[in-house]
Structures are given as C-alpha cells and as structure tokens.
Amino acid sequence: MKRTAPMIILALGGFVLLVAYFIPYTQGWGEDAALWFDILAAIAFILGGGNLLKIHLKKMSDKVPGWGYSAVCVASFLAMLTVGLLKIGVHPNEQFPDYRWSGTYDQVGSPFWWLYEYGFKPLTATMFAMLAFYVASAAFRAFRAKNFEAILLLGTAFIILLGRTFAGVFLTGFIPEDSPMAGLKLENLTMYVMQVFNTAGNRAIMIGIALGVASTSLKVLLGVDRSYLGSGEE
Amino acid sequence: MIRPPAARALSMVLGVLLAGPVGAAWAQEGEPAAANPPAAPPRIAAHDFLMDGGDQARIVWEQSPDDPANVSAYAIYRSRTDAEIQKKIKDDRAKFIAGRKTEATKAILGEDWKTMLDTLTPQQRIDIRAARAEAAKAAAAEFDAGAMNDPASEDNRFLLHGSTKSLELKYEVDKLDRANAYVFMVKAVGKDFSKSAGAVTDAPMSPTLEWFDGTPVQSGGRFWLVWIVLIFCGAVVFWIRHARRGKPIRVRKIAGLEAVDEAVGRATEMGRPCLFVPGIQDMNDIQTIAGITVLARVARTAAEYDAKVEVPTARSLVMTTCRETVQAAYLSAGRPDAYNQDLIYYVTDEQFGYVAYLSGMMVREKPAACFYMGTFYAESLILAETGNAIGAIQIAGTAMPAQLPFFVAACDYTLIGEEFFAASAYLSGSPEELGSLKGQDLGKVIVAVLMILGIGMMTLASMVGEQSGLGERLSAAVKFLKDVILT
Amino acid sequence: MNRETTVWTVVFLLGAVLLAIRGVMVGGLFGTAYVKVDEREFVKVATDDGETLWVDAHDEDALDYDLTQAPESDRRRWTTAEQATPIEYQQAVADDPNQTQYRFSLSRTLGIWIAAFFTLAIFSFLYKDNPFYKVAESVVVGVSAAYWMVVGFWNVLVPNLFGMIEPRLVNTWAMPGLDSTENHWIFIVPLVFGIMLLMRLSPKGSWIARWPLAFFIGVFCGIRLLGFLHADFLSQIRNSVVSLYVTDGGGMDILWDSLRNLILVIGVLACLVYFFFSFEHKGMVGRTARLGIWFLMITFGAGFGFTVMGRIALLAIRLEFLFDDWLWLIDPTSKRLADVAGMLMPSLSIIT
Amino acid sequence: MYEFFKNLDRRWVFLLMLLAVAVPILLEAKFPEKATGLATAVFTEVENLEAGAPVLLAFDFDPASEGELGPMATAFVRHCCEKKLRMYFLTLWPVGPRMVEDAVARVIKADFPELKYGDDWVNLGYKSGYEGVIKVIVTDLKQLYTTDHFGTSIGNIPMMEHIQSVQDFDLVINVSAGYAGTKEWVQYASTPFPNIRIVAGCTGVQAPLLYPYIPSQLPGLLGAIKGAAEYEKLVLDKYGANHPVRDADGNPVLDEDGNPVIPGKYLEGIRRMGPQMVAHILMIMLIIVGNVIYFVERSREGR
C-alpha cells in the first residue's frame, strides 16, 4: 500500500497529461500543473527553511567549532525573512494608500531591498564573477594537447578566443576582405565554426537528450525505475 | 512624466490652430500625393479551423482589382465583442475628457503648468477647478454626441489583427474566444498606405472546439506526433518485455560508469566522504530525477563500503526525495542503521548562494569523490575547478549543452547528454532498464532514416531543378516531410 | 600557518595603506551615496457621483478637488528616495545651499561599504579559505534562502493559492487591485498536496508525503516526454533536412554552401553514432563514433571560447563597482565632478 | 623556471587574471578596434541614409542587459543625430521607455539640444503584445500608437505626418535582449515585407541564434560588447571630435597632446573591451604555456 499507492498516482497523473497534450480542451493543463507545482514548492520551503534552521541551531547549541558562522547564517536568515514577510518599511501602493499591505515587498528603500541590494546582490554577483578566474585556471591546466580530441578542443577554443578580440582581427588582417581567402580571416572562421560544427554537435546532443528524457520519463511512468520513490531497487 | 518643452509647445499651438500650418511647414519636403486608395477586395469568407482549440479562424478573400498595381498589403480586422467595444469607448471617453481638462489648465497656467502645481494659491486652485469642471462637462457632451461614442462606427467595431503582403490572400486570425461570434474585414492598403473600403464577412462566425488537436490543420497537426510517440514508446516497452523474458541484452560500455564504484571505494579507503550534487533544478526537471537514480546506486555502494555520502540540495523537494532514495538504498544494502538523514540537507534556492556554500564546504571537508549529476548552469566550472583543487575524483553528468564543455575540461569523467540518462539504466544493472536503451537507439535510427531520406530527395530535386516534373514532385515530398510529418 | 598569518597581515596593512593614500591623494569623500527625496501625499476625496477615491496631492488630478477640506484621517504621507549621483548632489547644493531634496544617504553609503567588504571577502577565497569568506558564505546562504521564501510567499502563495481560493479575502488585504471575486475551489488540491507533504514532519505520516511527489513526478514525466519529442526531437531533424547541392548564390558559393551543408549532415550523423548504445565502438562503428567525438570536441571548444567573454565581463563589472562606486578612482560615466574623477590615473589610450 | 611552471600554484593564474582585468580598468586603457564585416554592414546601412530620413529605433531591452546593450543604443542614437535622421523610438518591453529616455538624455539632450521633440525625434513608448504589435504596425502604425509616450496625440506630432506604417521607415534599428526582439522583427517585419530593412544589436547569448538570418533578412548585426565597440569605433572615426567634453565656459577640454577629449559615454564599449582584450590574450598565453610544459614533460619522460 505505502508503495503501490504512489505508483498508481504517478502513472495516473502521467498518462492523463500524455493524453491531454492532444486534446485542445485540456492542452492548458500543462501550465496548470506547473502552477500547482510552484505552490507545492513554495509550501515545501517550510521543510527546507526549517531544516536549515535545525542544522544551524544544532551546531550552535553543540558549540561545534565554527558555530559562530551558523549564528551569522541564522541571524541573516531570520532578518531577511521578517522584513520580507512583514513588509517592514514598505509604504502602500499609490493607488491604494489606505491599504497598509498593498506595497510590494521589494520596494526600493525598504529594509528588504537594502539587504537584497547590498548583501544578496554583491555576494552572488561576485561568486558569479569568480568564474573568470576558474576559466583561466581550467584553460591553463586542462587544455593540454594530450591527443587528437584534446587538440581539437583547445584549437577551437583558441580560434574563438582570438576571433573575439582585436588580436585575432589583427593577426589575419593582411587578408583582403574580397579575396577568396577571406574565409580564413579569424572572425570568419569563428562564424563558420559556430554555424557548422557547433550547430552539428549541439543538434546531435539535443536529439540524444530528447530521446534520453523521453525514455527516462517512460521508465518512470511504467514503474521500471522507482528509486526516487524510496522503494529502492531490490 | 514631464513632457519635453518642444512637445508641449507643439501640442499647444496645434491644439489651437489646426493641422494646416503643419502641412505648410512640411510643404518644402513635398506634399504627399493626394490619397489614391485601391479598390476593396471583391469577396471575403471566414472558415473555422478543423481540429483546433476553437480559437482560430482562416480568412480568405479575392484579390483587389488594383493588386498588385496599387496594393502594398492587406490589413485584416476582426470585430470587437460588445464588451470590448464598451471598454474602448469608456477608455476613449476618459482619455478625451482628461485631455480637455489638461488643455484648460494650460490655458490658465501656461506651458509650465506641471511645475507650478505645488505653488498654486488657493484662489488659483478654485479658478482652475472651475475651469476644469467646465471643460470636462463640455468634453463629455461633445464626446457623447460624436462618432467616437457610436458603437457601430467602424473604428469602434473593428480591431486590426494583422496583415499580409500584396497577392497573399489568406490569413489566420488567432486568440479568438469561441464563446463569441466574430465578423471579419479586409482592406487593401495602397502604395501610399491609403486604405480601400472594407470587405466584411456577411455572417458572424464563432470558432468551434474539436476533440483532437490537428492544428495547423493543413499540416495534420499532431497526428504524426502520435505515431512517432507510439513507435518510440512501443519500442521501449517491447525491449523491456524482451529483457523481462530473460533474453540477453548487449550494450556497449560507457567510460565513467565503472568509475562510480571505484570512486566511492577510493573515498572509503581515504576515510573521506563522497559529495553528491543533484543539480540546481527542482523535481519537475527530468535531469534531477535521472541524477537521483544515479544517487540511489552511489548511496547503495557507499552503504556497502560503509562510506559517507553528503547531499546538499538547492531545493526542498529534492532534499525530501533524496532522503527517501538514500534511505531506501541503505535499506536494500541491509544497513538501515547506517543511514543518517542529516547528511542530506537543504542549503538555499539561490544558485550562487548554493555554490558559495558548496565550494567552502569542499575545501573544508575535502571529499575524495564528487558527483555532479543533474541540471547545471554557470556554477558547473566553479564546482569542477574547486573539486579539482582538492584532488577529488570527479564524475559529472548533465544534459545542459552549454555546461558540458566545462565539465569535459575539468572533470575526470563526464556523461554527455544522452549518456547521462542512460547511466541510471546501466547502474541499476537490471536488464529491463537496459531494454529502454534499445528503444533510444531505435529513435536514433528513425532520425537517420528521415534525415537521409529528406536530404536525398532535396538534393536530387535541386540537381534536376525545381521546375522539372520530377523536381517538383520531389520538393513536394520534402515539403510534406518537413511541414507535415516533422512539425 | 605562520606564513598564512604574515600574508594576511600584509594584505590588511596594504589595504589600509591604500585606503589612506586614496583618502589623502585624491582627497575629498569617496564611497558615499546620495538620494533625491520625494515627499508624497495622498488625499481621500469624493467624486461628483458620490464615490470616494485617493488622489496624489501633487498631481494634476488633485486640481479637480478641494483638498483643504480633507481631515488628517483622510491623508496619507510618505517619502520616497531614489539614487542620485554625487554630481547631482553637488550641483543641487551649489544652486541652493539649504535645499532638502538631495541628501546624503547614510544607509546607502553604509551599504556600499558593506557590499565592497563582501565583494573582497568572496574574492579572498581564491587565495585560501578564511574567516571573511566563511562570514560572507553564511550571510549569502541565510539571506538568499530567506529571499526565495519571501518571494515564494508573496509571488506564489498569496496570488496563486489564496487569491485563487478566496479572492475577496486577499482583495481586502494585500492585493486591493485584484478584481476577480470567483473562487477557484480546484486550487484546494495543491493546498491539500502541500499539507500532505508537510506530514513528513510527523514521524508516522511520512509515507503520505510521497503521494504529492509521486503525482508531480508523474505529471512532469508525461509533459516532458511529449514536450521533448515534439520540440527538440522533431524540430532538430527538420532543421537537418537540407540540400547538399545549394544552387542559389552561384559561383564559389555553390561549392562553399554545399560543402557547409555536407559537413553539417555528416557531423550530426556521426555524433548520433557515437551515442549509439547497441554496438561496441569497434571497426566501422568505432571509426564513425570517433569522428562524432571530434565534432563534439569542436563544439565544446567553441562553447568554451564563446562563454569566456561573458565571464570576464562579469569580473570587470565587479571591479568597476570597487573602483568606481566605492573608491571613486575611475569615473567613466562622469557621475562626479571632474576634479575628483580620474585624478589618480592619467587616462592612457593607445591609438584609438 | 620550468620546474616553477610545472607545478605552478593556480593562485598565480588567479593573480594574473585579476591584474589582466583590473589594470586596464584602472588605466581606462583603450585598445584599437578594427570593425569586422557585420559591424561595418550596420554602419553603412545607417551611413547611406539621407539627412531627414525616418528611422525606427526599437529598444527591446531592460536594465539587466544595459551593460552590453547600453553602449550600442548610445552609439546608434548618436550616429542618427550626426546624420540628422528623424528618430522614432518605440519598444516591446515594459521597461523599454526608460531605456529610451536614458539614451535620449545621454545623447540628444546633452549634445544635440538643437533637435526638437516632435520634429526630429519622438518617443512612441511601450505597447504590450510582443510580436502581435509588429504584425499590426507593419501595415498601420497609428492603429496602435494613437498617442506618444507622454500622451500627446499623434495628430499633433508633425514628424508623424508622413508615417503610416513600419514600411515608411528607411531603416529599422533594433537593440534586443531576447523575446520579443530581433528574431520577431525579422520574422514578422523584414521576412514578409522585404522592403523593410533591419539592422540589430543583440546580447552575446543571442548572437549565435541570429547568424542564420544574415545577410538576406538581417544585413548587419552587432554581437555583445565586441560589436558595440566596433560600431563605436566606426562612429568615432567619422564624427569623433564633434561633441567633446566641455568645461564650465563651454570650451572643449583638450588632452595631453591637444586633442579634444571624447566623452566617456561614447567610448563605453571600447573601454569595456580593454579588460576583455588583455584577459583573452592572457587566456591564450596560459594555454600555450600549459602545452609547452606538457611537451617538455613528455620529451623528458621520453628519455
């Protein structure tokens, strides 16, 4: 029961949506399902957030090394949550000045906005910016001409990198625009690589992915693969 | 928003004088030739679409006598519903009155009135109020008397929906509501963009809803999709049953999958944990599900070796599911006692918050094996490089084409696209799952056949020339393949 | 470890010294923020047809009503502040020393310094894990987790759950603009699902939490199965059906375009062979698969090269924040008076 | 030396990357740009227009992508001003009007005060409906745009006199960050009505998706900051010193070697290419060094 009921629900939901896809009247169900899922995910925040608090409060109470950082985490979490949910420092919407709650939670100038603007944004943006360093070290470390495949990989990256700066344009600048060799100008090479090889590769990958997704979905619907339902594979 | 002075000056001047002077001012660039509208299309008809959601209609009309001589395009209109007409009139009325009020205010305060609003004397306010009320009353009266208030006027009744170029005599109107009945109108647009009189459909029609989606109908809509889906699913099911009957299924090896057990084993020897990252998307993404099926295997091996698997997630639901999965895996490995749910926890939904945590955690706990299985975006390289810096074995699997380059460059093994979905089948080792791979291969065969067929016909067509009888037939066949079967 | 401490001390001394130099050399303030403050007032008035509505006291509509009569209880006031550039502030003060519209903003100045600290804290991780990074990490985790919960509540639960089940309630409270009054009882279902999910928290009922999950996994498997076959699978085949003998253009183009299409087709097929599971990569299949791998490698190389550009731009933007908004060392968009901007560095430009 | 590189601590690489990006920013270093074919195509499209020719500028982007597209918008508007073209702004993005106003404030109000609203430029503002808007305005613009962005009736705007539809414009310039954007303009305007000419500037992410439309439906395309820089370069070469930085008394400010200083806003793209350029070269160097080490290693093992 505890295992079959979910299986039935799952298969039912899946096959209904399969059929719905072909019936004009029910074609909207897909979007509705997505909407419902967002609602479930939003409710699930209670689990996630609760778990987050639990872990860090435990660390704090156990005074495990570095529990101070847990304190920081919990503090910033609760601060953001309170100002956001209670719309602290938010003035009403201009059309409805007498509705205290009508303002938007992320209104410019509100504490929530401040935390977002000067905490959330710089932190995440900087984390994102770290990529610039990692591409560099990856290029230095991983792009070694070990075999023909590797040579192709780094060769292409090389052409594109050059072709996207003045350096590349400069290097092949001596080739006149209208000569039959113009195709060898780096910027043009870049274009061909993107138009032909890149397209071919990505196309095959996408076809493969489509097939993979389809068969995985089917396996799930048929109950061949149930690991995610906690029934394991026995 | 404050209008630039120029605009205000203009609308003032023009409000008072009429458009005449403007025409004069533009005379030096040559007056536009006197409007010379083409003749209207003689006949027009509207047809409902077969097999659609009841929200479309096709309009066809006969060529205007002046087409193509003096027709640059056709404009297609649909009638507004009564509700729409009422709303339009209401809005127009409000706009009209507001405009007059503003003019009245300007007349008193002058052009810079907007800047003066806060410095008005009580007396001024009283005068202005009176003037505006006056203007509003007059405007209301004028509007109600005028054509703008007439629901039957063409302008109120018809809504321009789109256009076709000259000599193109059909158009598909969409976003209709089958609860309403619509009339349609087509006007020929002259070379000088003056419009002909409208050709209007005689009877109102309302689109109907069918039980099967065949739109666009001329291309058979989703008929062919049904077949392709049936063939594909049929093949998968067939091979799964084939496997269940104990027939052997032979599939090639995938480098990297063998490495999974090896990686866990190594982590055990080194007494360090394994890190499993199920991507940053939620359970509504198949990649996450595929990743979790891999987790099932990793967790079971870990349970057998008595290694520690840590699973930080970016979504609450993924956390929940991973706990179910890992618990089950420990159960099936006969080590339910060893399962510790605190090792599977939610961090944050924010992509880079999650990554910040992961990279910090990785350098501190130094996991010996890192698995990245799921949907990844820009964070892929941050993870892979950090993992590399701490010298962990890294196995990645994702179907995000944009991120594959980084995993390929920085990880020991990468499951590329389809391989990633196949992985769960391999790892589970159950023959029936391997069966599904055969289905996928059949899909690839279909692709190859269709491609070669289409390309062959197309190439031949362009070689013999489209005009020749054979060429014509071939290109017709290609068109059918592309526009009917493959849409 | 000893080396570590020295390194860190050096780093901080250096930082302090640089900040000092910055203060002395370039002179004037830096890292400060200014705002343009707007006083808003809204008054409740009665229209001719007896309805009441709120008008912006400083707006044109207010002219139609006699606001002097309105009692305090019918007035709402608040101030809004928007970012102003230092130059705007400086000019405003120059024009009228005791103006109050442009002000120095303590909170935003503080914000800039905190943001700068966080930026450096994250970067410091590149050298080595350290307390500053750990603080930044804890903050970003806490703040972002809360952020998405708040967004989920106000953008999903309120409008799409409560607003659907009982619009009137939401209407009187958070969304006065919501005019629908129809109850979509069907939205009870996701609510029930949610409650079932929360059963996990109770030791006994965790099995019931599987139901909603199962439902949605099933539903999305159904959707994706068709979605991918319909969109990616078919459309990609469709795009790959091209003529290998391109006549339009003429001259060399025939050769080039035809060649291009040929390579494209061969590439796609070869890659597909690589993905084939039924055969070992041996003999003919092996060779074709190898070709497939070559195409994939070129694809990956291109992907890598193309992305690098964007990544570097991201770093550039962060550094511009440090140099421009915080330290006022550069001023590319002339936010400040010329005498502050770019004094430190002579703008050097090689043959522009 | 070799040993040092062989087991080089990646933190040196990080440091190099930091310097490669930071130094050019601090020095506001600008490197030469050479316009590639696509950018030149865009430039000539605008350059070939007669003074007073009507041009539609569709700014379909938002603050998020302003970093990439802002410079293009500025350069486009300036080029149109210098050519004395009539500019008609509109947008399919809700926040688009702000982008338009920004560009207008940056260029027209600052450097071309002689241009009059309603005579030389007009902001038609935002209309909802994505490609639906395009479908309609290709035959009848006034059907949708009854007033401009500020509520002035179209009838009262002289420069709207001769404009019936998009086909009346000599050129459509689209600056786009996604949907609805260049793709839609090409599909619903220039494809069905070949007499509509479109050039576009787009984000780096979009650029590869637009290659197929070049050149038949899309004569010219500026991709990402690189494209912006190339276009700026072309505009500068032609009109460079027309609007230099001016001091309090309105005299042009001169740099060391006595040339008038060009305002930063016209060099945004070129300036942002500075760090890009250095960083790319660093990347290339890194790849080369990495491989040299690798081969030395192999040859040593070989022995």
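Labels A, B, C and D are assigned to the chains in the order they are written; within every chain, residues are numbered from 1.
Simple rule for what comes next: a residue touches a chain if its C-beta (ideal position, glycine included) is under 8 Å from a C-beta of that chain, and two chains touch if they have at least 3 such contacts.
What you are looking at is a predicted structure, and each value in this text was computed from that prediction instead of being measured.
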| task | Would you kindly say which chain has the C-alpha centre located farthest from the C-alpha centre of chain B? | result | D
| Pair of chains joined by more contacts [C-beta pairs], B-C or A-C | A-C
| task | With chain centres taken as the means of their Cα atoms, state the distance from chain A to chain C in Å. | result | 12
| field | Rounded Å distance, chain B centre to chain C centre (Cα mean) | value | 19
| Averaged-CA centre spacing for the pair chain D and chain B, given as whole angstrom | 25
| query | In whole angstrom, how far does the Cα centroid of chain A sit from the Cα centroid of chain D? | reply | 28
| message | For chain C, give me the residues that contact two or more of the other chains. | response | 122, 125-126, 134, 136-137, 140-141, 143-145, 147-148, 197, 200, 210, 213, 216-217, 220-221, 224-226, 229, 233, 237, 240, 265, 268, 272, 275, 296, 299-301, 303-304, 306-309, 312, 315, 317
| field | Per-residue multi-chain contacts in chain B, two or more chains | value | 222, 225, 232, 284, 286, 289, 317, 320-321, 324, 346-350, 352-353, 356, 401, 404-406, 408-409, 416-418, 422, 437, 440, 443-444, 447
| Which residues of chain A are in contact with two or more other chains? | 21, 37, 40-41, 44-49, 52, 120, 123-125, 127-128, 130-133, 135, 137, 139, 141, 143, 153-154, 157-158, 161, 164, 194-195, 198, 202, 205-209, 211, 213-214, 216-218, 220, 228-230
| query | Quick one: in the complex, what on chain B touches chain D? | reply | 1, 3-7, 10-11, 14-15, 19, 22-23, 25-26, 29, 32, 72-75, 99, 160-165, 189, 193, 195, 389
| said: Taking the touch rule as given, give the residues of chain B at its contact with chain A in the complex, in rising order. | reply: 51-54, 209-213, 215, 222, 225-226, 232-233, 236-237, 240, 282, 284, 286, 289-290, 292-293, 295-296, 300, 315-317, 319-321, 324-325, 327-329, 331-332, 342, 345-353, 355-356, 378, 381-382, 384-385, 388, 399, 401, 404-406, 408-410, 416-418, 420-422, 424-425, 428, 430, 432-433, 436-437, 439-440, 443-444, 447
| Which residues, counting only chain D, touch chain C once they are in their complex? | 11, 14, 17, 21-22, 25-32, 67-68, 204-205, 208, 224-226, 233, 236, 255-256, 263-265, 267-268, 270-272, 275-276, 279-280, 283
| Okay, in this complex, where on chain C does chain D touch? | 126-127, 306, 308-310, 312-313, 315-317, 319-320, 323, 329-334, 342, 345-352
| Quick one: in the complex, what on chain B touches chain C? | 101-102, 105, 114, 117-118, 122, 125-126, 128-129, 132-133, 136, 222, 225, 228-229, 232, 250-253, 283-286, 289, 317, 320-321, 324, 346-350, 352-353, 356-357, 359-360, 363-364, 401-402, 404-406, 408-409, 416-419, 422, 437-438, 440-441, 443-444, 447-448, 450-451, 454-455, 458-459, 461-463, 478, 481-482, 486-487
